[in-house]
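Below, each structure is written out as structure tokens.
Each of the two complexes below includes chain A, the first together with chain B, the second together with chain C.
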Partner chain A sequence: MAQQLLDRYIAGSSVIHALDARVKLVLTIALIVCASLLPVGAWLALTAFTALVWAAIIASGVGLPTILRRSLLALPFLLVVVTVIFSVPGRPIFRLPLGFVTLTATDAGLLRFITIVWKSWISMQAALLLTATTHFLDVLRALQALHMPKIIVALMSFMYRYLFILVEEAQRLLRARDCRSAALQGSGGGSLLWRAQVTGRLVGTLFLRSFERSERIYVAMLSRGYTGELRSLRAQTLDRRDLRVGLVVGAILLIITAQAFVG
Partner chain B sequence: MAIHELELPKLHTTTPAITLNQLSFAYPDGRVALQNVSVTINSGEKVALVGPNGAGKSTLLLHLNGVLGALDGSVRIADVEVRRDTLRKVRALVGLVFQDPDDQLFSPTVFDDVAFGPLHMGLAEAEVRARVVWALEQVGMQGFEDRMPHHMSVGQRKRVAVATVLSMEPQVLALDEPSAGLDPRARRGLVDLLQSLSQTMLVSTHDMRLIAEVFPRTIILANGQVAHDAPTDEILSNRALLEEYGLEMP
Partner chain C sequence: MLDVLVRSLVLALHISDGLLSTSISALFWILTVACVAWAVQRTNRALDDRQVPLMGVMAACIFAAQMLNFPIAGGTSGHLLGGALAAIVLGPWAGVLVMTCVVALQALLFQDGGIVVMGANIFNMGVLTALSGSAIFYGLIRLTGRQSWGLMVSGFIAAWVTVVLSAALTSAQLAASGTASATVVFPAMIGVHMLIGIGEGLITTAALSFLLATRPDLLPAWLGNELSGKSRPISTRQILGTGLVIAVLLALLSPFASSAPDGLESVLERLGVAGSSGPTATSPVGVLPDYTIPGLEGGLSTILAGLVGVLIVVAIGYSIAMLIRRRRSVARDTKSMTTS
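Showing the complex of A and B:
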């Protein structure tokens, strides 16, 4: 069950799945950087990026609706951006009276808002496509091959390995609590404070267990020759075809971005 | 000095594999875990370590590769004395397998885990890969290289846990409760595995049937001391002794 909750990977055998994880990772990051560099109102470039990402999503076979649904998760964070509608100077469009203060929306602000939301949304979809078509382990290996500091890659790999165990442990604790949370007919389930205390103790127990486990893992690492330096095998060489795909798509991204500044 | 430059000592049949001499240990909180433990185990011997929880079994195993340092007395593995400056050598000689395979298997894939030991011993890539294949074959888990531990059964995880130390080609295997939590079939597999391995073994367990099947010699540990050290047949046939230490007939 924890598996389905946490793993975003959707198995498949499309060209997007088969593309080398390093290429996918670099292209995703490139797209996010390019998108964020675009000036306000670069509608053509944004449309082109959207077309590119959607084409890739459709080619991957994971389903456009799936990615769009997942991308909705990020929308609440965009609420923060709503402020630019009112804070950027420009021609007023409408006023929002909020008692003691009146907010004035401007056309420039609105354009900037739409641009930012579109950029974030398309970046989000690109990242979601990456996680849906690339196994997390391959993303890790790609990060390592791209010289991400070893300690950070190691932390992410430990997180991935033990997240499932942690979730299962939490579920066991919750189940044990539920089994003993009987109520007499007609009586409530305890006060809010009491419930908060129970939850607090649960979290504390989980933390202590994780802490103890981390010590045992460290001992297991020491026992197998770990001395503070992490070693790993060399990455495989990059397939020529994958490299070419990466270069071509990368060039397209650059051209679209450059076009937005020229035009 | 890189570890691959270290000469691993050759085992002579006359040198005991494990020599514990008057070993004593107390935890930082003052709790005494081991008191004057002296044990000699010859090369190739398979020895069971029994005793109630808290008798010091795990603590003793942790001394074999220097994870815990003796407060008093000494530990020798083959002809290497366990000291701060010999730790890397000792850890290549002793394969320690922990009770919970989720502690032992900390890498995202089986391959990475079995390769961890050889990699950190400084072996070349081809050698590391060869050892992973060999070790997984030893425990009957070939073909599981790309699997993730949380997708495997407890029995499979235990086997891989043993492979993670076999790949270091240790001369001594120290296992903590290897049969705990296994269903009968997985347990049977483990018994066969332990019988097939030729390393010197010191195995802590509560599983008296496992002892009867695999280990010719048994050490009873009680309150941090060696209470009995005798051939397994002798211990298992002594009903009064078994009762005294809360052990069951197999």
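Showing the complex of A and C:
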């Protein structure tokens, strides 16, 4: 249940889905790095990156509207960035009286704001496309191929495996609390301290249940021949075609970024 | 409106891609990789094969525990970040690894936080919370001395401080990258997180006392020793390590220190001792003129200069200490020779 609600992977058989996870991961990181390197006002490069990401999203068949809707989730965060409009020195455009202070927006501040938001938005979409078209275990294998420490990869694959089970466990705890703590509409129900204490005990209970679960898992693994090493059947050969796609797209990213600095 | 603002500030601990400058992202990747590599090494030494499933499931547990919330007021709710709790119960190094996995998975699977800025996110919410949380908890529980309220107070303060520190470092990174105005982001982020920290502290203490009451055998051996009074004295290395961590953190925050001259300098200037040339401009031994690295601009230069300064001071202090120790042992040797 929780897995269907939470997991962002969308199964499919497009070219983007079929592309090697390592190539996809490296390209996504390259795109985000290139975007973060761009200077303020590199509109051509930002437009080119947007076109590239959108083309990939359309080719993947997960649906541009889906990705765009998911990318809106990061919007509230941009409230923090709004402050640069008023803090960067430049030619004043408009004033915003806020009772006790008057904020002055500047043209340089506005340009920087738009650049930051655009960069962040593109990066978000690229990352969303990666998770929508690549199963998380493949992302982990790609990370291992890129020399992420073995123990971190092992821990994250365990974490992924039991994430949804423990999320359901947490939801059960919350439901049980709601059933036992009836309150009239509008009245808070219990002091703040009491509410925090109940939540703390829920956390402690979840911790205990997780601990006991991990012991059962370990015993089950031992009885199936676990020796401390995790093995995978999946072959790790890099297709020559995938490599070529990676090199071509990588070159395009470099050209776009270089253009922003030359032009 | 207030609700949206608070929620966005809470979210703001998970920095998105594009919001940090490339140099700040790179700097924090280096710090994070160093700390996580250290943690891997430290846990590998003590790691039996049982630990892998345990820590993996615990990481999932911290993730799920972040969903357990309680209503505060005005539609906002308090919930756990979990760094301090994980570090206290699992130990600092296992805590670092567990929190690293939590933050990395949030970024890779749910896009809570970016990929290129993940180094900074892991440092703020994983490394910093786990290390500072366990250090503060460990220090305070020794100070309060085995009282039953000691556990509560220490747990609360440790959890509260980790949240506020995390928010402060996040604001520092945003301001140093020029993506947010320092004068707005510092008071807003720190103010909101001083409130959120109260929730974190209350939940952490309640969870700790619950665990202590139900399964005290699960809590780390040193915590049991502390509470029952069997503990080792603090070693010199621990003091050195804590001091170094604090110095490095201060160096990272240095670009946001007041650029106005400090008390001594301003007095000197007023008295006309320090003229327009200034002591740093003419000084023949100006290694780091005005606390910057020549050829580098802005905040990064100040940070690097601060780190270099910390290293130099540590090296000088360490060599003086070694020199004194050798002198003493030589003196003791000659004394024992003459007496015998």
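By our rule, the second predicted complex is superposed on the first by the 213 of 263 C-alpha atoms of A that agree within 3 Å, B and C clash if a C-alpha of one lies under 4 Å from a C-alpha of the other, contacts with A are read in each partner's own complex, and residues count from 1 in each chain.
To be clear about the criterion, a residue touches a chain if its C-beta (ideal position, glycine included) is under 8 Å from a C-beta of that chain, and two chains touch if they have at least 3 such contacts.
The shown structure was predicted, so the numbers you read here are calculated from the model rather than taken from an experiment.
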Touching partner for A:G225 - first (chain B), second (chain C), both, neither:
first
Determine, under the contact definition given at the top, whether A:I217 touches first (chain B), second (chain C), both, or neither.
both
Can you tell me whether chain B or chain C touches more residues on chain A?
C
Once the shared chain is lined up, is A:L137 touching chain B (first), chain C (second), both, or neither of them?
first
Thinking of the overlay built on chain A, is A:W54 touched by chain B (first), by chain C (second), by both, or by neither?
neither
Overlap of chain C and chain B interfaces on chain A (superposed complexes):
136, 157-158, 160-162, 165, 213, 217, 221, 226-227
Residues of chain C defined as touching chain A within the complex
4-5, 7-9, 11-12, 14, 16-22, 25, 36-37, 40, 43-44, 47-50, 52-61, 63-65, 67-72, 78-80, 85, 89, 97-98, 100-102, 104-105, 107-111, 114-116, 174, 178-185, 188-189, 199, 202-211, 214-215, 218
For the chain A and chain B complex, residues of the former touching the latter:
3, 136-137, 140, 157-158, 160-162, 164-165, 213, 216-217, 219-227, 231-234
Once bound in the complex, which stretches of chain A touch chain C?
6-8, 28-29, 32-33, 35-37, 70, 73-74, 76-81, 83-84, 86-88, 112, 116-124, 127-128, 131, 136, 139, 149, 151-152, 154-163, 165-167, 169-171, 173-174, 188, 192-193, 195-208, 210-211, 213-215, 217-218, 221, 226-228, 230
Where on chain B is chain A touching in the complex?
3, 62, 65, 67, 88, 91-92, 94-96, 98, 100, 102-109, 115-117, 119-121, 125, 128-129, 148-150, 164-165, 168
